[in-house]
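Take a look at the structures below.
You will see chain A twice below: alongside chain B first, and alongside chain C after that.
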Partner chain A sequence: MLALRTSAVLAAAALAIAAAPVHAQDEKKEIEKYQKMLAEGSPVELFELQGEDLWKKPQGPKHASLEKCDLGMGPGVLKGAYAHLPRYFADTGRVMDLESRLVHCMVTLQGRDYKEATKRVFGNADKPSELEYLVAYVVGKSRGVRIAVSTRNPKEKAAYELGRQLFHYRAGPWDFSCGSCHGVAGKRIRMQSLPVLDKPSGARHTYATWPAYRVSNSQMKTFQWRLNDCYRQMRFPEPTFGSDATVALTMFLAVTANGERYAGPGTKR
Partner chain B sequence: MPGPMKIRATLKGSYTDIRVLMSHPMETGQRKVKGKLVPAHFIENITVKVNGKTVVEAQTSQSISRNPVFAFRVKGGNKGDKVEIGWVDNKGESNKTEAAVA
Partner chain C sequence: MKSKNVHVLLGGLAAALLAAQLAYADPTLLEVRAVMHRDFHARGQAVMSRVDQDDVQYLCTVTHNKPSAKQVKEMEADQLAMIRYPADGNYMGDWKRGAKIAASGKGMTWKEKPGQNRGGGCYNCHQLSPKQPSYGTIGPSLKHYAKVRPGVDGQKYVFAKIYDSKAFNLCTQMPRFGTSHSLTEQDIKDVTAYLLDPASPVNQ
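On to the complex of A and B.
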C-alpha cells in the first residue's frame, strides 16, 4: 500500500517536472503582459509632478529652492543628470548617488540640518517622503538618455571596485550576498524572477527601470530603499542611508548597466 | 489639499483615447492603523467633458485603488478639443484639470 502510494506520488512529481518548463514560460509571458499594462497608466507621473513642486519650493533656514542644485551637469541642470550618477563631486571630495547629492543640496542650499533632512528618507503610502517625490522628478528628466556612468576618476573606480566586492560579499546569519540571488540565472522569489545583476544582460533593464512605483503598496521607491530592503531580506544589519557602501553598490550596478537607455521612473508589481 | 491630476488625450483616427491619473488615498474605511479604523475617503463621482459636453459620468466607490488611473475611449474628437475631468469624493473635496486632445 505504502509502495503504491509512493509510486503514485512519484508519478505525480514526474508529471509536474515535465509540465514545469511550459508552465514557467506561460507565467513569464503573463507577468510581462501585466507589467506592461501597469506601466501604461502609472501613478508614478503624479510623483513626478509633486516632485517638481518640491524642487521649486523655497524651504529651510535660507528659504531657498533646490533649483540651483548641481547634480553633476552644472547647477540646475536636470536633463540626463541621473543617467550619469553616481559620480565624483569635487566640492565634497566623494562619490555620491542621487539621494546623497539631493541631501547635500538641502544642507548647502537650503541651510538645513543633515539630521533633519535625512530624518524620514523612506515614506509610506499615506505620506511619501520628500526624497521620494524629488527622486521621481529628477530621474524622470533622464528618460530616454543612455546610462553613462564614468569610472575615470580614481575615486569612481575605487567605488566601483568596492561595489563589486560588496555584491559578492557573503555575511549575515544566512551567509548571503547579493550574488546569492542575483548572481545565478533562473532564481526567483515566489513568482518574481530575479535578474542576474553582475552581468549587463540582467543589470541593464533592471537598473534602467529603478527607482520605481510599487503598485502593490502604492509607493514610490528610491534606489537607496531598494538596496536597504535587499539587505533586510538578506538579514544584514541595516545599511546607513547614503553611506559609501550603498553608493559603491549603486556604482557597481550602474556601471554594469552602462549603455542602456534610461526608462524610469519605472512601475513594479 | 488634493494632489495633482494628469490627463493624456490622444486622437486615434475615429476615436479619442483619454487617460487620467488622479492622486487620492481611496480609503475603504475598513483598514486599521494601530487598531483604529481609517475613515472611508474615496472618490464618488467622476465627470469627463469634451468641449463642455459631458461624455462620461461615473459613480465610483471603495473598490478602486489608491492613485487611480482611468482610461476612456470616446467616439470622434478633433485635435485641440478641450477635455475636462473632475472628481468629487465622499468628504466633498474635489479637483479638476483640463488638457487638449493631441
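On to the complex of A and C.
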C-alpha cells in the first residue's frame, strides 16, 4: 500500500519534471529534487524493522536466531560491519560479502540447508525475500560509517584484482564489459546517468547508496541482485549467487568507494 | 574461429592452475575466464560459451580498448569479411518497423527465448528522432543522419555498421548485431531505413 502510494506520488513528480521545459542548468537541480522526493517517500525503514524481527527470530533445525552471526566485527556486532565488507573470514578461508556471510550464518547457526537458504535470494514486490529484509537491517547499522574495506589479507587483495579484471572483461554476444556503461564520465543510457565505477569519483556515491529500494518496482534490491541484473543486461550467463566472482566484483567496487560515508539503504528511481 | 579454439585450450590450462589453488595476485584473462566458467551458469539462451572471448573482445580487453594501428587494420579487415550483404543489393527496409527495433532495448537475455523481442537498443546510446527526448549519449547523435550518409553508399555503410560495427571501429562499445545473430538481415534493413529514409522521423 505504502509502496503503491509512493510510486504514484513519484510518478506524478516524474511527469511534472518531464513536462517542464528542461534547460541544461536546471536539469541537475530537477533531478536532485526528484531524488529528494524519492528518499522522503521511501519505505526502507519498514524493511529495516522487518529485517530486525527476522534477525532475532529463532529459525531452522537448531531453532536459533542470527543474533550471534559474526559479520567480521565479532559475534552479533552490527554497527559498522557492512562498511568493512567484503572481507576475509578465517573460519571459511574465503572472502565473503554480506549476503554470502548471512547465508553462512543461516547454515552454521540455524542448521539450515544451503540449498533451502538460497532457494529464493531475490524476491518480488508482493513477497520480498528473507535476505532482502535482513540486508536492509544490517546495512542500516552502518549508516554514517566510513566505508573502509581492507585488501591487507592476500585473499582480499586477490579478490580485488580479480574484481578489477572482471569489471573490464568484454564478452557475450554484444561485446560488453561493466566498463561499457560505467567507464566514461558524463554519459547516460536513455535518461539514466551512468556513474564511472572504476574511479572513486563515480563509485563512492553509488556504492554508498546500495543496497537500495527501487521505487519503479517497489522492491528492496540487494547488491547481489544489482550485479545479477547488470550481467543479464550485458547478455552474459547468470552469475551464481554468492560466488567468488560476484564477491570479487563487489570487493573491487567497495575498495574503490573507500572513504565515503555509507548512506544506505538507498532509494532509487 | 581458429584463435577462439586456442583461447579455449589455454582456458583449460588456466582452470587446472585454479584447481591447484594457485594464489594469483594479478590474474590473467584466461584465469579470469576460468573463474567465470566456475562461477557463472548457463540460463536459457545465455549459454556458457558467451564468456569465451573472440579475438576482438580479447584484444580490446587486454589493450584497454586501445589496440595498435597494425592490430586495428588487420582485425577490422577480418570483421569486414564477416558481413553478409543482402543478395538483392537492397539495403533499405521498412522504417516504421525499424523505429520499433531502434526503440527496443530487449532481446538476447537469459529471460527471453532465442529470437524473441529482437531489439537494437539504439536509443540507449544514440539520439535519433528529434521528437524522442529520452536517448543515451554513449554513441554520437544520429539526428538527420541521411544528410551525413547520403546515397546508396550511405545505405551500404549503415547496413554494414549495424551488421558488424567492429569492422569500422574495432573496440567500439556498439554490438555487432548481424555477426552475433541478434538481428536478422530484414531487421537491419529496417533500421537502416529508419536512419536514412527521408520520410523517417530521424530525418524530419
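Quick note on the criterion: the second predicted complex is superposed on the first by the 243 of 269 C-alpha atoms of A that agree within 3 Å, B and C clash if a C-alpha of one lies under 4 Å from a C-alpha of the other, contacts with A are read in each partner's own complex, and residues count from 1 in each chain.
Operating definition for what follows: a contact is a pair of C-beta atoms (placed from the backbone, for glycine too) under 8 Å apart; a residue touches a chain by one contact, two chains touch by 3 or more.
Just so you know, these numbers come straight off a predicted model, no measurement behind them.
Q: Consider chain A as the common anchor and indicate whether chain B and chain C clash or fit when overlaid.
A: Pair status: fit.
Q: After superposition on the shared chain, which partner residues are touched by A:E45: those of chain B (first), chain C (second), both, or neither?
A: first
Q: May I ask you to decide whether A:P75 touches chain B, chain C, both, or neither, giving the answer as first, second, both or neither?
A: So A:P75 meets neither chain B nor chain C here.
Q: Going by the contact rule stated at the top, is it chain B or chain C that touches a larger number of residues on chain A?
A: Ranking chain B and chain C by residues of chain A touched puts C first.
Q: Contact-wise, after the overlay, does A:P173 reach chain B, chain C, both or neither (first, second, both, neither)?
A: Once the two structures are laid over each other on A, A:P173 reaches chain C alone.
Q: Just how close are chain B and chain C at their nearest CA atoms in the overlay, in Å?
A: The answer for the closest chain B-chain C C-alpha pair is 16 Å.
Q: Which chain A residues are contacted by chain C in one complex and by chain B in the other?
A: Dual-contact residues (chain A): none.
Q: Please give the residue numbers of chain A that touch chain C in the complex, ascending.
A: Listed in rising order, the residues are 154, 157-158, 161-162, 165-166, 168-177, 180-181, 184, 186-191, 231-233, 235-240, 243-246, 248.
Q: Quick one: in the complex, what on chain C touches chain A?
A: 23-27, 29, 32-33, 35-36, 38-43, 46-48, 50-53, 56-57, 60-61, 64, 108-111, 123-125, 134-138, 166, 173, 175-176, 180-182
Q: Can you check the complex and tell me which residues of chain B touch chain A?
A: 3-6, 19, 21-23, 25, 65-67, 69, 71
Q: List the residues on chain A that touch chain B in their complex, please.
A: Contacts found on chain A: 40-43, 45-46, 49-50, 125-126, 215, 218.
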